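The first chain written gets the first letter, and so on, giving A, B, C and D; residue counts start at 1 in each chain.
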Amino acid sequence: MNARRAAVAAEPEQSTPEAAHRRELLRTMLLIRRFEEACAELYSAARIRGFVHLYVGEEAVATGVMAALGPDDAVVSTYREHGHALARGLPVDSLMAEMFGKQSGCSGGRGGSMHLFDSSRHFVGGNAVVAAGIPLAIGLALADKLQHRDRVTVCFFGEGAAAEGEFHEALNLATLWRLPVLFCCENNLYAMGTAIAKEHAQTDLALRAESYGLAAWPVDGMDVFAVESAARRAVEAIRGGAGPHFLELRTFRFRAHSMYDPDRYREKVEIEHWKEHDPIDALVATMRAAGQLDDADLEATRDEVAGLVAAAVDAAEAAPIEPVESLTRFVTSDREAEGSRT
Amino acid sequence: MTATLVETTYREALRAALREALSEDERVFLMGEDVGSYGGCFAVSLGLLEEFGPERIRDTPLSESAFVGAGIGAALGGMRPIVEIMTVNFSLLALDQIMNNAASLLHMSGGQFNVPLVIRMTTGAGRQLAAQHSHSLEGWYAHIPGLRILAPATLEDARGMLPTALRDPDPVLIFEHGSLYNMKGTLAADAGAVDIDRAVVRRPGDDVTLITYGGTLGKTLEAADLLAADGISAEVVDLRTLRPLDDETFVGSVRRTHRAVVVDEGWRSGSLSAEISARIMEQALYDLEAPVERVCTAEVPMPYPKHLEDAALPQPDTIAAAARRAMRPVAV
Amino acid sequence: MNARRAAVAAEPEQSTPEAAHRRELLRTMLLIRRFEEACAELYSAARIRGFVHLYVGEEAVATGVMAALGPDDAVVSTYREHGHALARGLPVDSLMAEMFGKQSGCSGGRGGSMHLFDSSRHFVGGNAVVAAGIPLAIGLALADKLQHRDRVTVCFFGEGAAAEGEFHEALNLATLWRLPVLFCCENNLYAMGTAIAKEHAQTDLALRAESYGLAAWPVDGMDVFAVESAARRAVEAIRGGAGPHFLELRTFRFRAHSMYDPDRYREKVEIEHWKEHDPIDALVATMRAAGQLDDADLEATRDEVAGLVAAAVDAAEAAPIEPVESLTRFVTSDREAEGSRT
Amino acid sequence: MTATLVETTYREALRAALREALSEDERVFLMGEDVGSYGGCFAVSLGLLEEFGPERIRDTPLSESAFVGAGIGAALGGMRPIVEIMTVNFSLLALDQIMNNAASLLHMSGGQFNVPLVIRMTTGAGRQLAAQHSHSLEGWYAHIPGLRILAPATLEDARGMLPTALRDPDPVLIFEHGSLYNMKGTLAADAGAVDIDRAVVRRPGDDVTLITYGGTLGKTLEAADLLAADGISAEVVDLRTLRPLDDETFVGSVRRTHRAVVVDEGWRSGSLSAEISARIMEQALYDLEAPVERVCTAEVPMPYPKHLEDAALPQPDTIAAAARRAMRPVAV
């Protein structure tokens, strides 16, 4: 489909705003990819621990959605959130330090891979309980509505999460109260080892969502332009007061569910098929065909992001660990020192 | 300062606190099942919808997990939500949100996101509501780091704990015992915020310390009367805040009286009474003249018939009996 | 609508099977009504305590659905279940004794109004947590399916319950696994004081249910014939292996939510409007028009059920209470005596 | 009887128990998230789908409340379901079903409907899984009347508790500590059902009783080694069944040693350790030479970094230190 797009597009100069924007999208996707490759290596080297869920193959989703947001909008994420965080602009250094559990990490090292937070970017965190972020997102949107703020809250979750009761309760509530929230269901066809047909009686999730009375449509999640334009349309409508919207972003994870997962439940051929639709390759092809990218550009961008990630790893390695004495910080806001009075 | 006293009830005191909070702070709103048109299932919020409108007195669908989670989100978004869960029995449906989000977000985010949320709910047994509507789980909730747990047992506390809780930057759960709503008494006309850090001695005494909170304070005071008739002087400590516990007050009392009875409407095993007992042992073992006694609810899903429910719950006479046992321990 | 029915019907003799069946339906509905009137009086007299939720106005639902079941089918109910229990054939005596908390009650007195059980009739109980019976029902149906039993499990719940997460999870699961379960949503337009439009973004609940991929349709819940025939159709399909079905039974409660409820949230005129559709009056009218009922019959039936209820009250009053010593019975099956080892 | 010994792991022992149960009783089936095609999130059920087919090794959607409730319903319907909740952290989503249905139906129905259901789940911390994936709530569940709570800490118990649990007419929850799955050792080739009524002494000793269960048994035995090096003889009691507690075994031990340390991976306040401590005080106060010590998890949502997680959890040296304190109490 990107070939078709490219064909109909005029051949703009590399310096047009469109080209610049696309280079930005590409850079983000490459950065996510490189960051996660590094994470995988560091995990194997036991420098990163805990559960780590890679987003490889799904980069177009986070990148496209975030491109549609303003700096004041809010994001609620999942445990598979490196891509969301990077696309939202969290500094690579702070993310990598978090992976190492260092105090310089974006969550002070307390969270690790599944709990990336950044209040300055309204990035309200990774959440490791499936679907548990959805109610938070509608609450943020409720606060915005009550305070007459022009913010949209974006909420990411997987197709597996849509089977949880909280999905149902929150979609109903958001629609009933016309809350400014964009539900982004990342449908990568599997919830751990469970294929969508074993999770949902009705596998057309956009249709399911529509039954709550909100606007919902499916989007090719491997096409960053499709994602961005769908997200823009939805965000604009939401800001205009049209209430919650729902995007089903059809995508695929190229790697296992987590670093623990031997991926026994998927056929190699299915994975290979999807890899042919690698969202980065597709974007590169489109940009090349449009004359917006040449080998040197691509190489330079790859080098740049690789350099960023490498520097982040070095910095994270070098960063000091938190002293054990501060173990009970952040249990409560104002009584941090009084560890004993619990 | 001789404040004018007014006649009121526990329910009205709670309502006055809600009204004040809604009037004074635009960020405050009340949300829950039937808090609006119905007037609150125990009529606590009666009239508030008319006064503050449906945006701020917000009826929710039957979706405990979603509206508690939405309360957390709204708190993150700068509001000061008061979420009412109709009763503690249904709070289990929202427990994941309470433990894994409300109580954990501050820590997981390295201190970036605090959750200034107040959750109110009715707790307790005694009204023949049977197995699914008679839980006393406030002591259980007190296990969760990151939460503050309050149990107002008096009109002052019904009136005064909410404003203090709303000033807390972190989540606070307030447990209102169902048998207290109709409790009558007098309250200072200008009653307002109370401290939520300390336990208090509700009745001083020398011979034995009776430690309790919430719905069993009244029964415990009655037990103290029974004991007084026997010449036993019982000190009654109202814990008020179940997390964090104010050890100083109750351990201090036991150090003086050398004997303690913990009265707790939770099921005995694993109830808050065990924690109190363990702390007394840890901090005052050598002051004890007798084992710390516990008077709790029988370990049975609550039966419907009145005589069985009465038998299952702590009562003045069983409390007094435990205190008498503590006065005359059988050495082994 | 009953008038119309009556008009097109032929005028069968009082002795036809149809007439006999209708008299049975009428008797059940009158029995439920009388039983609950007695409960209301006894509640006011403080002979019955706890929460008591009356079914007055909704009798056609329980009566019609139960008429479509066989003795081996199972029923999962709610806290508003006197009607379900009576229509299912639980003896009036055992129900009234339960209201009094006597050992001769259908739950040994332990349950009270909200927890009526009868294993011999596969009446798997009143459940006082809204929506919590729905997962039980699908589990019963799963057991039947795994054991190749020809049973249908009927699950009652209100329209308010449909907002709970468990509704969603269970409908999906039942459809996914094609379980033999009939969902009966008693839509009486209010959940306590909350009107359906404040509970559901999409108030057409049959439509909502259909979005899970199961067969669902709305039924006039004030017309016992409509209920019975819808239930028969659904039960037959389920027994034939067609998977779960969903009926939205549109009805109304004439009385307050519970004996505690001052019913401030409904307009008198709304209640009066619905009372004009009293399901008992409608049935009586239809039967009269069809020559299936005369004044004497009606009087006799009323007397009979009043007599049954009065006798049940007397028996319940007279029944002994359980000794306090057995307080901790039924906590576990086999360690009943060992109250101390908990 | 000199049974042949075979090398095995905790995981394999659990799987052998599942396989046996599925083979021997048609009414048994396993249901939960990813128990089938994935092989179980911790590979416990690996291969069982191929052996028993998708009807009996039943993958569920992410719907904890519904599939736990369905397990209860299936148990009522004559099956013997084994429901796997992936981890204790997600069990909160099903807690209403567990407390208000599984644990209450027998009572509410006056003895008519028992629930022969087994629920298995992973519990515990120690693998850097951070705040939402590191709970130890088995002691908390032990508060609920109507449930039996098991914590297999050895290969024998991993192999043998399930068959006994399946014979129980009432709901049984089995908590498998995540750090144990790879534990290696030998097991009798014919190992089978074990008793689930009694605690056992895993190491006899005279000077101090260390009481623990599940994931902390290993650390406690290590602590006993450390103490032995100091000439302190520690007895180690493995509770095994957390509800109902077998008081006789641990109180009996304390009566002999006069000193006790309770080791519990739950957050300290309101953990099972409090109940144990309270029972010792109630039943053996006059035998105690020192306050009962508790070594628990710090009251903090679990931090991700290894050094902080280690510091938060009970460790052999902190357990040994507590035992040494108990040996040399500071009189006050």
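The rule we apply is simple: a residue touches a chain if its C-beta (ideal position, glycine included) is under 8 Å from a C-beta of that chain, and two chains touch if they have at least 3 such contacts.
Every value quoted in this text rests on a predicted model; they were computed, and no experiment measured them.
By the document's definition of touch, common neighbours of chain B and chain C comprise A, D.
Comparing the CA-atom centres of all chains against that of chain B, the greatest distance is found for A. Across A-B and A-D, it is A-B that has more C-beta pairs touching. With centres defined as mean CA coordinates, chain D is found 41 Å away from chain C.
For the pair chain B and chain D, the distance between mean C-alpha positions equals 31 Å. Between chain A and chain D, the centres computed from C-alpha atoms are 37 Å apart. The residues of chain B that reach two or more other chains are 61, 63, 65-66, 89-90, 93, 96, 100, 107-108, 130-132, 145-146, 243, 245, 269, 299-301, 303, listed in rising order.
In chain A, the residues that reach two or more other chains under the touch definition are 109-111, 115, 127, 129, 163-166, 169, 172, 176, 198-200, 330-331, 342.
Across the interface of their complex, chain C is touched by residues 29, 55, 60-61, 63, 65-79, 81, 96-97, 100-101, 105-114, 145-146, 148, 168-170, 243-246 of chain D.
On the chain C side of its complex with chain A, the touching residues are 163-169, 171-172, 175-176, 198-202, 207-208, 210-214. The residues of chain D lying in touch with chain A in their complex are 33-34, 36-39, 41, 59, 61-66, 89-90, 93, 127-133, 268-269, 298-301, 303-308, 311-312. Residue ranges of chain A in contact with chain B, taken from their complex: 74, 76, 105-111, 115, 117-119, 124-125, 127, 129, 132, 134-144, 146-147, 165-166, 169-170, 172-173, 176, 329-335, 338, 341-342. Across the complex, chain B is touched by residues 65, 89-90, 92-93, 95-96, 99-100, 103-104, 107-108, 130-132, 135, 139-140, 142-146, 243, 245, 266-267, 269-275, 277-278, 281-282, 285-288, 290-294, 299-301, 303, 331-332 of chain D.
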